[in-house]
């Protein structure tokens, strides 16, 4: 059951990811990204990591993709197909990616080819929250500082009157 | 621990630092006086050291107990160093601060001190037009430290270090005070000089490392007692690398290409030191390092070394025949003379080595004098081009051209003047090469080198003919206020006297080098 | 469920992301490809967490952290892209060659 | 002031040499060593002096001739006196060094210093092109020989294990080394004494001042070659082959030079060729390998020094007073009878010198030449081919010598009746022939300072013939006299008819000089240009190419920096992949 669910979600994610990097329309690519991320969230769910799946949908699908779409609008991205969206290096890049996939894949297969996994016993918000605030509180705080820094950085970078702006 | 030797090294370097530290307003004259006094002190110091070295009770001279039956023909091996300083310096790298002198290096140290002293003295009155004499004097003193250090280093890494110390000051001397009419040319000459010599010393360092790998030490005294045996494999590679590195400095054909430009573009004092002292670093290195440390491997490469040296003799002489620039001609003549020295070393015979050492000294003195004279001619005519200077210098500058003729005759190896004994002994060594060497090859090389001596005569006579002789009517007489000025006479006189003395009485020096 | 399935999926996603980063010309699509790569990593984390149960929910926690960082990253990245757009009028990574040394001074 | 000081030093030194010769006369042979050091175990370099009969003889010759030359030069030379006198003194000193040396190295020093001095003295008139090239040629050709000489010293010195002349021959030596060594020494001698094939420098050395020519030809330079073989005679005697080679060289040279002298049109050139020829006679005497031969050769050396010194000084007077020693110029004066009348002393002394050279009975040259012929005859009678060859060539040379002496004498000093006052055979291609008539009234005899040496040497040219005791083989004397007459008669009859046929091949001196020019000088110059070109275009090109390659490579690597982030990224990923593969390969 889990396997089947995971496989379907995974297949969808794979298909959508391929579309993200091959689509000739940028907006379509962004929308395919929504599908891909959502499917990955499905995968998380199939592995019983429900909280992470929810965060994935909230943050990624909800926030990040919206941000991307905003950026597309701000940069006046055309909606019509752009044949030149991929560079001339793309075959080479494909080969590199394929070789990388082969290496990683064979490594993974060699290392974990016979392992089985049981779904996570408890992927609820409670369990994860306990872990975060009990065990991982210091990284969590550091992370919050990082977010603050990113926030300030984004503001500084996008200030129109900044010294770097013109 | 010998304070005197350390002082000979430290005093010029410290003086150079002091000269640079002086306020910029200090006159060039003061700098020249300081330089003269200090280098004069170094000269006196080296004389004292020499006297100390050869006192009869001193065990360090290679005095042959004659008439005790012929011991086998051997070469300088173990170093009987005098005035030694041996301090561990970088123990991790097995490098020691090991200084010392013996009868091979002492005359060269004295020659260096003499030439630097004369150059400083010369700079009292006659300086390159670029000015900044203070820095020039300081650089000359740095060069003196480097050269004396190289001649007294008994550790391979220390040798390399001092070897390198000389490079950059000389580069600056050529680049800043060189030929004022040819900025691009002097820059190119200086760059070629520094790049080729750095390449050579890098190769040499590689050879030193291989020696260390084989022998486990950089110390020349230890290596002299336990040389790296074997004439093949790593020892051979090390010998080839060291020989090539030193051959660049010497320079041997075909690695000589930096030399004519560097000599021709350098200022007078630069040329004098370059030819008189710096070239000797290469030949000294061969005698000090190649022969004692890698005797078997050197025997393997000796025929090739001799071959290239002979080619250098012929090629240098032929190139001189077609030169139109007096400084360039003298520079090329150095190629030929250093070829003789290379041949002498390659014979690996006592005669050849003594000849090479003698020729080292004689070449330093005579070529130094020649470059001083060429500098004098260049200063007066503002060019060193033979065609522009014109002919019939006998009519315009009788004393200067008379001295030039004298120096040319000395340089072409006229018996009775210093140049002869070295050449003669080298040819004798080639007639009678070391026991492990192919005699026939060396006989052929001897004959070719002998013909090279005739060619040497030919180009010097051609120089005299084109420069000194000629119809004064065809060459507009330029009025020169002075023929040979007082400072020039004072500077050149020691060299002239030494040329004659060494030519007439070679025994004092030769007695130091009776290897056996 | 075999562990290998999520791992292979993660590998595939990651390599697709690599391809996207290397081959896509538009800076925003490059950023999207980064997200794909990050998701592949998250997938790995979750899969390993399910395989190697340590009671601390390490994998899941780390996945949450990664998602957070991804949000920060995309925010900054898009700001930079906007800056690029403002400066050049396009967001073409190929055409942005400000790093290229100018021809002058090639021979001194 | 300086010049006067040098003159005093020069004359004083010559007198000192004569004094030394006088003091050493009759003293037992002895050697003194001073200095010395070992180089290796086999070579012991010392300075040794020695004295014996040969030394005394040569010292006397050198002293007298150089004294004459120094005195004569006072009248002869007015410009650049100091350097000239100093060099002549050094020249004499070098010859003295050669003569008294018992060390091969010391001998070599004197030997080559002579070469250098002759170079500087021949080039005394450095304004003149012929003087410049003559000087250079002299030095280079003798130095070429000297290299052989140096190698000969090596072979003999290491062979005999000593570099002392007096000890040479004491120890055994391999025949090969002996022959090689003596042959190499011979090369040096040939160069120094201007024998074939290194003969061309001596005639070309004539632009030098005449007193210098006298010194070179009579007492120093060229005589040193004869002296050296006489000095090393014991060694040479053991080397049969070398003596044969010497004989062949000498015979070829004496005829060659005599022929060249027959066609020369300048007094000094005739004399120069005659010197070459006479030296060859001395070498022929030495090459016989008998004591008689050596004795005859040294005797000839002695008389030759007197009359050749005399002749050159006479030529110098002509040159000094007339301004040229070319036949064409001299004949301008002669056809008015001026030369003989105005310069009686020169005429008489020159006549004596030429008579001695030609071998007129009663004069010195006659006796010494006869003694060579006699020695050759004795040797030939003993069945030696070398003896026969020498005998025949010396006799032929005697006839040729008579021819050119008479020719010189008649054409220079006597009007030609057949030409009725015309210049005669010498005006053909000489640019001077068109000059107007010289003012012969101003012509006068040289100063007494110049004439006194002439008279001294003329006395020698007559008297030295009897110095050896008068022993005359009447048959040989008759034969050589007849031969001389046979040589003189054609010269006389040609002069009577006002004709002076000079075969082109003789006038060009058998084309040796141009041949050397083509075979040696031109290729060397070509090689020199090739070397310079090679340095610039081959070796230099490699160096420059290395520099260029560095610049080009850096430019190429710079191209990799496209500025495109994605390229960099691709490269990085490729690198990671490659490293991963590498790690896998190494790990497995």
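Each chain gets a letter, A, B, C and D, in the order it is written, and its residues are counted from 1.
By definition in this document, a residue touches a chain if its C-beta (ideal position, glycine included) is under 8 Å from a C-beta of that chain, and two chains touch if they have at least 3 such contacts.
Bear in mind that the values here come from a model prediction, so they are computed numbers and not experimental data.
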{"item": "Middle chain, criterion being Cα centroid separation", "value": "B"}
{"item": "CA centroid of subunit A to CA centroid of subunit D, Å", "value": "104"}
{"item": "Averaged-CA centre spacing for the pair subunit C and subunit A, given as whole angstrom", "value": "8"}
{"item": "Cα-centroid distance, subunit B relative to subunit D, in whole angstrom", "value": "36"}
{"item": "Distance between chain centroids, defined by C-alpha means - subunit B, subunit C (Å)", "value": "66"}
{"item": "Multi-chain contact sites of subunit D, meaning residues that touch two or more partners", "value": "566, 570, 573"}
{"item": "Sequence positions of subunit B contacting 2 or more other chains", "value": "none"}
{"item": "In subunit A, residues with contacts to at least two other chains", "value": "87, 89, 92-93, 96, 100"}
{"item": "Every chain pair meeting the contact rule", "value": "A-C, A-D, B-D, C-D"}
{"item": "Complex interface listing, subunit D residues touching subunit C", "value": "551, 555, 558, 561-566, 569-570, 573"}
{"item": "Residues of subunit D that touch subunit B when the two form their complex", "value": "35-43, 45, 83, 105, 108-109, 111-113, 116, 119-120, 123, 126-129, 132-133, 135-136, 139-140, 143-144, 147-148, 150-151, 154-155, 158, 524-525, 527-532, 534-535, 539-540, 543, 547"}
{"item": "Parts of subunit B lying in touch with subunit D, wherever the complex brings them together", "value": "64, 66, 70-71, 73, 192, 195-196, 254, 257-258, 260, 315, 318-323, 349-351, 354-355, 392, 394, 402, 405, 409, 414-416, 420, 424-425, 427-428, 431-432, 446-447, 450-451, 453-455, 457-458, 461-462, 465, 468-473, 505-507, 510-511, 513-516"}
{"item": "Footprint of subunit A on subunit C - complex, ascending", "value": "1-9, 11-20, 22-26, 28-29, 31-33, 35-36, 39, 42-43, 46-47, 49-51, 53, 56-58, 60-61, 63-65, 67-76, 78-83, 85-87, 90-91, 94"}
{"item": "Partner subunit A, residues of subunit D touching it in the complex", "value": "566-567, 570, 573-574, 576-577, 580-581, 584"}
